[in-house]
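In the two assemblies presented below, chain A is common to both, partnered first by chain B and then by chain C.
For the complex of A and B:
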């Protein structure tokens, strides 16, 4: 991997690390949230940006992680690290099953199938309201968020720890994404996006590679969802709704599909934009909508995608 | 010479149209076989059945001693059947080199360079393949076929759109390839066919009309009427 690629990504992580010493508590909290959700977008981008598969149902995997972790600590007596691992494991299992079924479809049919599955998952969350507490949600009390790991005591209610943990998770997610897209499999995913039938006629098992991308994105979503639940002490059905399937798509498009850092940038920008707009108008979503339209007009490949096209051809 | 490929009563119809009908066909290792026939004779359909790109209505295909009829296309490619598309199917957004590296199953490396050089596209390695001229895209198709290092290389009208000099070097290339692969060549250009083919199979309306050495085919009345009469 070339030096400047490593420097760029390490630089972004370093900048985020240094930011906590300068920013207000509010900004630190916002960026904790951004970083956790950016993991979701990073995974979505592997499927959508690199493999060319548009899912409208990834909220179900986000919710799998979210509820897996929330119920894990509150109902099943798991510690925080165990709950994280279980939640990610569940995300992998659920996305393998859903992927195996929905990848039989392609194009618009694939979008509809994933949407339907996700809607079913959402209704399931509501149906089991006794456990999930529906849209009111599970509030995870602080006692469940304290844990010890390698002899160190930790408390997720501590904003500094939370920020740095989110940063570490984001760094891990970026590193995994980079490793994936630069691997042989990563190139095959792009080949599938560019010309699937040709890729099969070159002897690649395209169904297997598509499932790989699907499960990777599902695992990232569950990782993000579990982190979200435990760090912000909450799991509610809104987070399993269609809106949360659309979010990673928008974040990815905004920042630049099929660029590694695009989804991170897109997530951050969208948050800051909503924040900024809601500061002076109650119609903040209108402002966001207009901004999105302008971006699509002037940056059709997203911000980093357009930058790559015009100035930075080496950008991964 | 041992048998590499055999089809038995291979058929494929589209609706009521019998594009390929009860074709018994066999190919020996090391052979260069040309398949000729008028437009719509079923040549592309026939080789698509062999490559697994489309499924037969009935019949069977045996490749290297194994019945591959039920195998998906990608597994047949892995077994050594390479197909180059009549209608160019390359990765238009990727460079020529990236195209061939994918075919060589070593994407992200320079593994494709040798194959580009063999078809005379070495100096185009870094060019986005969608911007190559039509003839060069055809050659890129061939390079991708070579990069698969197949036992059987199926070329579907490879010289379409090539200049005379490109056709000359293409003939040399196929001779070269034929030293370690079997070649199934669909071709309208009769001089190319007569120069390269050990044997010729003539398809007409989905059936084998004749089969034999180039000189016999040229002399055959039936073939003259069905096909060569024009040229």
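For the complex of A and C:
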């Protein structure tokens, strides 16, 4: 990996670290949320951007992490670190099972199958409403958000800790993404995206690699969901709805599919755009729609994707 | 949509033109501005002469939009009146309204925005339970007093925090407990319950089942209906033949279909119906297909129809919020209000005023005193400030308890046949928020 690639990504993380000393409380809160959700987009990008598989069902993995963590701490007495690990583990298990089935389809059929599974998961959350409290959701009270790790006491209600934890999680997700896409397996994923038949003819077990991408992506989503629940003290069925399957797709497209930092940029821009637009119109989604049309016109490969195509060919 | 309303001097308003100009700077400059210019988002500490900022979390879009529109109209009317009367502690109220899209995720973000960007003194006005649940933890953590108008049992259950109150509207547990005796005595004791298959419906299922049992009755069928359902006919055969009362509490866009299909299923021979007005808020009872409701009973927190002898407070309130004696907009008789819920905004704003005045509230440093002053409220008298009726407020569970009304539909018009006492709706507190740290 070249020095400038390392410097670029480390620089972004450093800039986010420094932001907390310069920005207002509101920006710090907003970017905490953005960083947590960007992890979701980063994982989605591994599947969609690098492997070329468009899932419409990733909300189920986000929800797996969300409810795994929320129920873990509120009903099963787990501490925050244990709940995080359990939630990610559940994300891996669920995505392995769903991936093994849905990857038997491809193209539009794959999209529909993942969408159906996700809707089934959403209805499952409602069906077990006595446990999940359905649409109303679960509030995670403060006592469940305090924990000790390596002798250090921590409280997720502390905004400084929460911001830096979100940043650390994002840095980890970026590092893992970089490692994956620069690895041999990452190159195979790109090869599958470009020409799956040829990749298979070269002797690669494409089904296995696609499942790897699917599970990685699901694990990232669960990681993000668990972080969201514990940091913002809430888990509800809305966060398992189709809307949350579409979000990471839009964030990835906006920032640039198959670029490591694209999903992070896309998440931030979309989030800020909605927040800003809702300041002067209730038709904020119309503003988002216009932005996406402009994106297609001027940045057909997303912002970083187009920049890479025109000016920065080294951008991973 | 964020806007400032009513009392802000014109020069301070953010006009659409100026907002669009700001938008034109683009997302990049927005990010840059946010990161590099704390002045963009930081507001000076409120001075005593500055308005009291009330963050209004309004459902302008999403499933709650019909309610949100009337909540906003009621809020604006109340704020206008309070400001005309001198405001709170000599300060005017400024409403900072922002759409939460009836979404708990966005709701939480809006609360964060109220607390840290707009520097609101309080947040208020949320109706839908899931938005309250998603937002309340953020309000508690940011120590932003948060007054909801939701009627869910979530506040009184102890699930939330010391900063969250529901002082303007009775919760669903109290509502169903208070009405069960009258239903058992006057309508029937074998009740088939049709309810939405999510948390709001479970509250009805659990609390009404227990309440009717305490009256010697029984629930002979529980029929949960998934929220995604669009056709209901297949559920109706589950209603046992010996049912004496059908209890229905449906919400959402399919409620009209539900009621119409219920009518088609039973025809003219059907057990008496007892429903919640939630199913019919903002809907004209004389709508085609609703003839089936004739003679049925409805719960209403605040009767839509003024009737022959409305109270002076009700007449005053209707005039101020622009609603006629039939519960419709005075500007458009076809525009039916959400009369049974929106009074909660009016009354909650007066509770905020009462508590702020009791606390001698001057600014953010007095929020703890505001919480304690709100908790110290015990009785709420009927009057122009509380036109729905007198109430009891329990500071331990941050919940008010008021009278409920049972209305019978006669010739397409609701007529109150029973008004519960407050005592009929009281229950043992399940929590004590006052023990939580401030």
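Assume the second predicted complex is superposed on the first by the 316 of 316 C-alpha atoms of A that agree within 3 Å, B and C clash if a C-alpha of one lies under 4 Å from a C-alpha of the other, contacts with A are read in each partner's own complex, and residues count from 1 in each chain.
The working rule: a contact is a pair of C-beta atoms (placed from the backbone, for glycine too) under 8 Å apart; a residue touches a chain by one contact, two chains touch by 3 or more.
Just so it is clear, the model here is predicted, and its values are computed rather than measured.
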item: Clash-or-fit label for the pair chain B, chain C on chain A; value: fit
item: Which superposed partner A:151 touches (first chain B, second chain C, both, neither); value: neither
item: Greater chain A contact set [chain C / chain B]; value: C
item: Touching partner for A:107 - first (chain B), second (chain C), both, neither; value: neither
item: Chain B versus chain C as contact partner of A:281, first or second or both or neither; value: second
item: Which superposed partner A:25 touches (first chain B, second chain C, both, neither); value: second
item: Which superposed partner A:182 touches (first chain B, second chain C, both, neither); value: first
item: First (chain B), second (chain C), both or neither touched by A:272; value: second
item: Touching partner for A:133 - first (chain B), second (chain C), both, neither; value: second
item: Touched partner set for A:123, first chain B, second chain C, both or neither; value: second
item: Overlay on shared chain A, then closest C-alpha pair between chain B and chain C (Å); value: 31
item: Contact set on chain C toward chain A in their complex; value: 1-3, 14, 16, 19-20, 23, 27, 30-31, 34-36, 38, 40-42, 60-61, 98-99, 103-106, 108-109, 112-113, 116-117, 129-130, 133-134, 136-138, 140-141, 152, 154, 159-161, 197-200, 202, 226-228
item: Contacting residues of chain A [partner chain B, same complex]; value: 182-184, 186-188, 190-191, 194-195, 197-206
item: Chain A residues within the chain C interface of the complex; value: 19, 22-27, 29-30, 33, 123, 126-127, 129-130, 133-142, 157, 159, 232-234, 236-239, 268-269, 272-273, 275-282, 284, 287, 291
item: Chain A partner contacts - residues on chain B that touch it in the complex; value: 51, 53, 72-75, 77-78, 83, 85, 89-94, 98, 101-103, 105-108, 144, 148
